[in-house]
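Next come two complexes, and both contain subunit A; in the first it sits with subunit B, in the second with subunit C.
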Partner chain A sequence: MATEHVSLTIDGRSVSVPAGASIWDAAARLGIHIPVLCHDPRLRPVGVCRLCVVDTGERTLAAACVRPCQDGMEVRTDSEEVEAHRRMLLELLLSEQPDRSAREETTGDDALYALARRYGIREILLPDGGEGTPRGRDASSPVIDVDHQACILCDRCVRGCDEIQHNDVITRTGKGYGTRIAFDLDVSMAESTCVSCGECVAVCPTGALTHKAVRGLRLEEGA
Partner chain B sequence: MRLLKAMLALQASEGAVTDAALRDLARREGVPLYRLEGLRSFYPVFRKHPGKAMQVEVCRDLVCCMAADGDPVRQVREALADRDDVDVRAVSCLGQCDRAPAAMVDHRPVTGPADGIRACLSGEQMAPESGTLPSGRWATDPYKAAEQYYTTVHALLTESEPDAVIRALKDAGLRGLGGAAFPTGMKWDFTRRAPGGEKYVICNADESEPGTFKDRVILEDLPHLVIEGMLIGAWVIGARRGIIYLRHEYGAARKALETAIAEAYQRGILGEAAFGPGRGFDLEVFVSPGGYIMGEETALLEALEDRRGEPRNKPPFPTDAGLHGKPTLINNVETFAAVPAICGRGADWWAAQGLGDHKGLKFVSVSGDVERPGVHCVPWGTTARQVLELCGGLVGSQPLKAFSPGGASTSFLPPEKLDTPLDFDAMQGAGSALGTGAMVFVAGHRDLLDVTLAQLRFFRNESCGKCVPCRVGSHKAVEMVEQVQRGERAGPGIALEALHRTLARTSICGLGQVALLPLVEALRTFPDEPSLQPLRGEE
Partner chain C sequence: MKRFADALSRAAAQPVRSRAVDTLCPYCGVGCAVTYVADTERNRILYARGRDGAANAGRLCVKGRYGFDYADHAQRLTHPLIRRESAYPKGQLSPLEKRPEKPGGPVDYDDLLPHFREASWDEALDLVAGRFKAIRDRDGGQALAGLGSAKGSNEEAYLFQKLVRAVFGSNNVDHCTRLCHASSVAALVEGIGSGAVTNIVRDIARADVAFLTGCNPTANHPVAATFMKEAAQAGTRLIVVNSRRPIIAEHAALYLPIRPGTDVALHNALLHVLIRDDLVDHAFIRERTEGFEQLAETVKAYPPERAARLCDVPAQDIERAARMIGDAHAVLFFWGMGISQHTHGTDNARGLISLAMITGNVGRPGTGLHPLRGQNNVQGASDAGLIPMFYPDYQPVDDEDVRRRFEQAWGVQLSPQPGLTVTEMIKAARSGKVRGMYILGENPFVSDPDVNKVREGLTNLEFLAVQDIFLTETAEFADVILPASSFMEKTGSYTNTDRRVQLGSPVLDLPGEARQDWELICEIGRRMGFAMEYGSVAQVFDEFAAATRAYATLSHTALGARGRWYPCADPEHSEGDPIVFQDSFPSGKARLVPARFQPAEEQPDADYPFVLSTGRVLEHWHTGTMTRRSRALDAISPEGFMEVHPGDARSLGLRDGDVATVRSRRGEVRIRARITDAVLPGTVFIPMHFREACANLLTDPRIDPDGKIPGFKFCAVSVQAERCDVGVVSAPHR
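And then the complex of A and B:
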């Protein structure tokens, strides 16, 4: 049976994709890389960071990673308004970050920092939520360092742990602004059923989950 | 529903859902621990450890702050400072704004708070029970006696067809009365035509927006109309199963519903032959583990599927893919309760109940600085001024400063707009929205900064935390205003407007989209309000 296709335009360019494809995937086919933090092509999209919002002419903007393409859709990925919202979303996230990113300082691939550079964000006028790192850190695992302050709750570690590795350890705990990631019944990573596979570190876009070894910390160093 | 029901049962019997209990539940149900932690930490009903002997929950939201002329939670804490057997917790709106300041003592509503709670703790005062009112008091009830209940759905089964019901709802002009105002006939039509053998009908009885308590009264007084509306909906779309999603604070409503459901089963109205031999319909009440966001229909569905109640990205909409991915008809309590009258008396009768060009009847919850807060059923087209008069005007005949026509998510309007009729479009034209019809009147001596900040705090407190703009943005907005109040920041008005634009356009659901609306709109609508001046100006 032939695959059903839908045709749409993205930033004025026509593209035809299999029905059900996301706007993010359709844009990638045209070489348009829509910025995103919570999405990774290996993972089921969840549309929570909202950086990939695009204008489809509706009342609200759509998250490109989760929104399926529709026939005749006219999508704008880079309008002035869309870019202004992305900048605000980045400022919101950056205002909560600790002073230093363990990922940026070692492997240099902190995706939030990279977007901040791309958008030329230097000064944040929002109240500083990172000062004193109130969200704390969990250094109990012999392998993985957890910096809750650097976590943007993108859900990538949760999906990596549960859906790629089927280790079923990580969740979000709490609600609203107080939400953070947790292991099992909210015990320390060392006490949890974590097998230190490293998938969460591999999919984490920020300095929230990093390898102690890569950071020059001794592996047996705990607590 | 299985996991949450098990956890609710644990909470009720043990006073907590402990780690040991969750390890046991995880083993029995074959689910990972992380999933149960995600649930326990998300829903406010659950405790990790049992609390003290007495639990006092005090409403911290707008109408109760107004009634207490300050922070009701602090007042109760101070009044009960000598009681080390009492846990006092701040909670969001309890849906008792007509009895403000409101609180719950061991899950029973009390008023007063400090005096009422003391009286309740000493056994002198009991919770106000649901009023068993004479049938026919409400104009939307077509029945004079209990024997007549459900005669409308039975007449439809034998004499009509589903498409005629959809036509009647469209002719009656019925729109969703939970606040979103989506045309009801269209929603029923979509769900009826959605492909799929298995479908569900759900009543959203989770009203939780500060100022809103009309559904509580409808559920307590007219449970049979809600059930009959759901029966008609189920017959139209072809559902075999229905669920009433009820907020846990509505104990009297739960009792009324469960009694009415039991009677309907006894009479064979519900059950295996509801629509004829072999064509059954089962209905049950699911008690929510708490949280305003559960009233967002896809968050509600997530809860029914035993997940954290975080709204889904849409589309798909529930009419196509709702509960367990099946087409699902979700309507508000008041919407379902209007259906028997529309089907029984006719769309023309319903339309004629409105004033002028307006069609139908509307329940409004009225609270704030009025003489007699309460619920009224009024014709569409009644003006805000007439509603205020129904409630005896403002306390002490004070001047009016502002009123919210529709609940926490709608902008405050100035007194000049009092003659705006109750109507979705007219309220929008006046610069606000009708929302749920939760009208809060604010007297002249109040500071609008306190009033709008209370609404903002409510949304911040009730954000589920799923998406960045709402989770972080609502928190930053509160912080910015509080910094102004402490003299640490100069007018963030422009920054708040920019933040509001981002939340309105990028948040997943309506909560984030409106979180900053009342505050930001008040800056525009009330240019001379002294309390708002510090928010204005350049950063």
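And then the complex of A and C:
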């Protein structure tokens, strides 16, 4: 049985993909990397960070990681409106980040910071929501540092724990500004059923979940 | 307003020069591919990234992710050591029991080091070669023995068995496979002519039913367990059998908590129902097996009601399990040491083979036999001939033609007599038949049953050379200690539980004067007058591969970054065969071997009313030499414990965390109690890793007649709460 295909254009280039494929996947085929924080090809897409929004000519922007391609669709991934939208989102997210990214200072791959650099953001005209780290930390695990202040609630750790490792330990708790990730029925990481596989650290895009062993080291790869 | 310029410029921390190396996890048989990022200036690993390997798809467990720092531990051996005159006569140098003022953990170097002096490589190697040569020339090759390691590479295993066979002059070479799956291998070789798995773990995705018995994959094969859970979520129904409830049972369609040591009765009852209700594959039985009549005759005597009484599980659950197996299109059988580590381990495995065979569940997608292998290279070390009865590729040493071939290849005369197994070597050391031993990367003093006997054996040796990365409990008995390479410092190939042969690469430099294991083996051979010259590890692989059928098409180049499954007819275009024996078995037809239920040897009685089973925990490995020197793993799991059922704890007057004394006919340990209903009433469980609460002081050294494996999963013990007045003997809670 042949799979059905749909054809569309992305930034003026045509591409044909199996029906049901997301715009993000279709763009990736063309080598166009749509910026993203909550999405990872190994995880079920959820479309919560809204950074991957694209212009499909509709009334509102669409999240490329969850929106399926349609035949004849014309997608713009880098219009002025789209870029302004992403910039605003980044500023909002960054305004609540701690002053330093634990990920940036250890494994050096903070995806939020990488985007901030890409968009040339150096200062933000918003109140500093990260001051004094009001969201708190959990340093109970011998191997994993949890900095709730750096968490952007992208749910990657929740899905990594559930869908990749099938340990079902991480969840969300709280409402509104107080929302944060939690372990089991909201106990500390060390007390929880966490088996320290480290998948949450591997999938986390920010300094929220980092390896303790490398804290304080900034790595330069390729010696 | 918030400024980011500083943080964003990445100038915040001092940069560390690092290097990322694609290699493998050093621990278990799953064989996860990993990238270790190392600090090149300080020669240490900083962190791990999962790599897209055939067995792990980027996933890692806590050991692969955080257990790497043993390699740069300050206690790494960096100089050859020779025992001082004053340390004779030989004996154990440090106390085994945990002393109150000393926390647990590995051998105390302060106890040991004063008894050894540093020596040059030439002095140490000449001494080793000279003493082995003297013993060989005086008492013959049978007086020497070698214990190799399933942690080493295929190349090291090949060289080690070659040294023992060609230079020592006997087949006295073995490794820890004897202690984990020797019985499974014995049953598989007898049944189908091959000891390796017939299908890979990840094919569980295509199974309708998976039978998981005597295994605890979330602890011992953690990444494999993630694929099992994934399959269960997608509809594969798991039948889990165990006498200590494993976490994977939470994902099971059916869990059978059977009484320890009664697996044969359960297997026979399942076979009974399958045959009674005609749920068998007649064509498969006719075309691919022999011995069905005999099997059917034997299992007639095992109706589910009888097995229910013996195994202590409801008869209707046995009926249900049989029906699930019989009705399924594809069933995959996984088993671990709960099957193999019994004095009837071979019979246990025979039953599983029969179950797969009469239902036609081998050689197709989603079907097969998979003994979950423990060590990262226990499959490869066995393939490479680190076994007393086989040359590489399971070619029998007592086969005239085979021996001629190896004599020709190696240019020496070889002994036609099968050698001693691990447990037999220790016995022979005690009786004085074996006078000299070379132990590479094994620690029988903690890993073998009844360590008091092991102590006698090692003390009685005239000469013992130990090659390792740390001072182990076994090294305390050594005359010479050779500092060797850790996994993180060497090149080599490793074969995982799936028969996937993969390359490991050096991440770190050797510490101090430590040397590569393979070079040391060759040095000893050379100094004993036998040329072992190789330009590289890849060259050793080629010689090994040429001596086998399974690896014949492979080479380091052919393995590439992702490895290959063997057999692999065309490594350039194919990944090899994940599923084998589609049309026939190496032995032609599969032999169905019936087994009768016999109770385990040492049944509980009034003096020793509990059944002790030993096993492992997620964070530790074997005797803890590596994992207890990993800061992370040690922090998460710092000490040994004994699991006991709440009902038994009550009658013993034990509270959670209390210290108890556990005694068997062979020894006793003091250990903290952990109360859990995961264990059955009347049974206790102690992990094997912790020397200060050494489970193997208690275990029974009696062995399985075919696999020669000790019954680590069954011996009788008594339990006494330390601070209460209740008598030693307390009847188990039923």
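Just so we're on the same page, the second predicted complex is superposed on the first by the 215 of 223 C-alpha atoms of A that agree within 3 Å, B and C clash if a C-alpha of one lies under 4 Å from a C-alpha of the other, contacts with A are read in each partner's own complex, and residues count from 1 in each chain.
Definition applied: a contact is a pair of C-beta atoms (placed from the backbone, for glycine too) under 8 Å apart; a residue touches a chain by one contact, two chains touch by 3 or more.
From a predicted model like this one, the values you see are computed outputs, not experimental measurements.
Clash-free side-by-side placement of subunit B and subunit C is the outcome of superposition onto subunit A. After overlaying the two complexes on the shared chain, residue contacts for A:E4 are found with neither subunit B nor subunit C. By the touch criterion stated above, A:R122 is placed in contact with subunit C alone, subunit B being left untouched.
Residue contacts after overlaying the shared chain place A:E80 against neither subunit B nor subunit C. By the touch criterion defined above, A:L185 reaches subunit B but does not reach subunit C.
Of the two partner chains, subunit C is the only one that A:V195 touches; subunit B does not reach it.
One geometric descriptor of the composite model is the angle centred on subunit A: between the Cα centres of subunit B and subunit C it reads 120 degrees, in steps of 10. In the superposition on chain A, A:P142 contacts subunit C only, with no contact to subunit B. Of the two partner chains placed by superposition, only subunit C is touched by A:L94; subunit B is not. Contact with subunit B, but none with subunit C, is seen for A:L153 once the two complexes are overlaid on the shared chain. With chain A fitted onto itself, subunit B and subunit C come no nearer than 8 Å, counting C-alpha atoms only.
In the superposition on chain A, the residues of subunit A touched by subunit B in one structure and by subunit C in the other are 95, 125-127. Those residues of subunit C that touch subunit A in the complex are listed here as 1-5, 7-8, 10, 12-20, 37, 39-40, 46-50, 58-62, 65-66, 69, 218, 222, 225-226, 229-230, 233, 618-619, 631-632, 635-636.
Against subunit A, in their complex, subunit B makes its touches with residues 19, 22-23, 32-38, 41-42, 44, 291, 308, 313, 315, 460-469, 471-476, 479-480, 483, 495, 498-499, 501-502, 504-508, 513, 539. On the subunit A side of its complex with subunit C, the touching residues are 42, 94-95, 99-101, 104-108, 113, 116-117, 121-128, 130, 142-143, 164-166, 195-199, 202, 211, 213-214, 216-223. By the touch criterion given at the top, residues 46-51, 53, 60-61, 63, 66-68, 81, 84-85, 88-89, 92-93, 95-96, 125-127, 129, 152-153, 162, 168-179, 182-186, 193 of subunit A touch subunit B in their complex.
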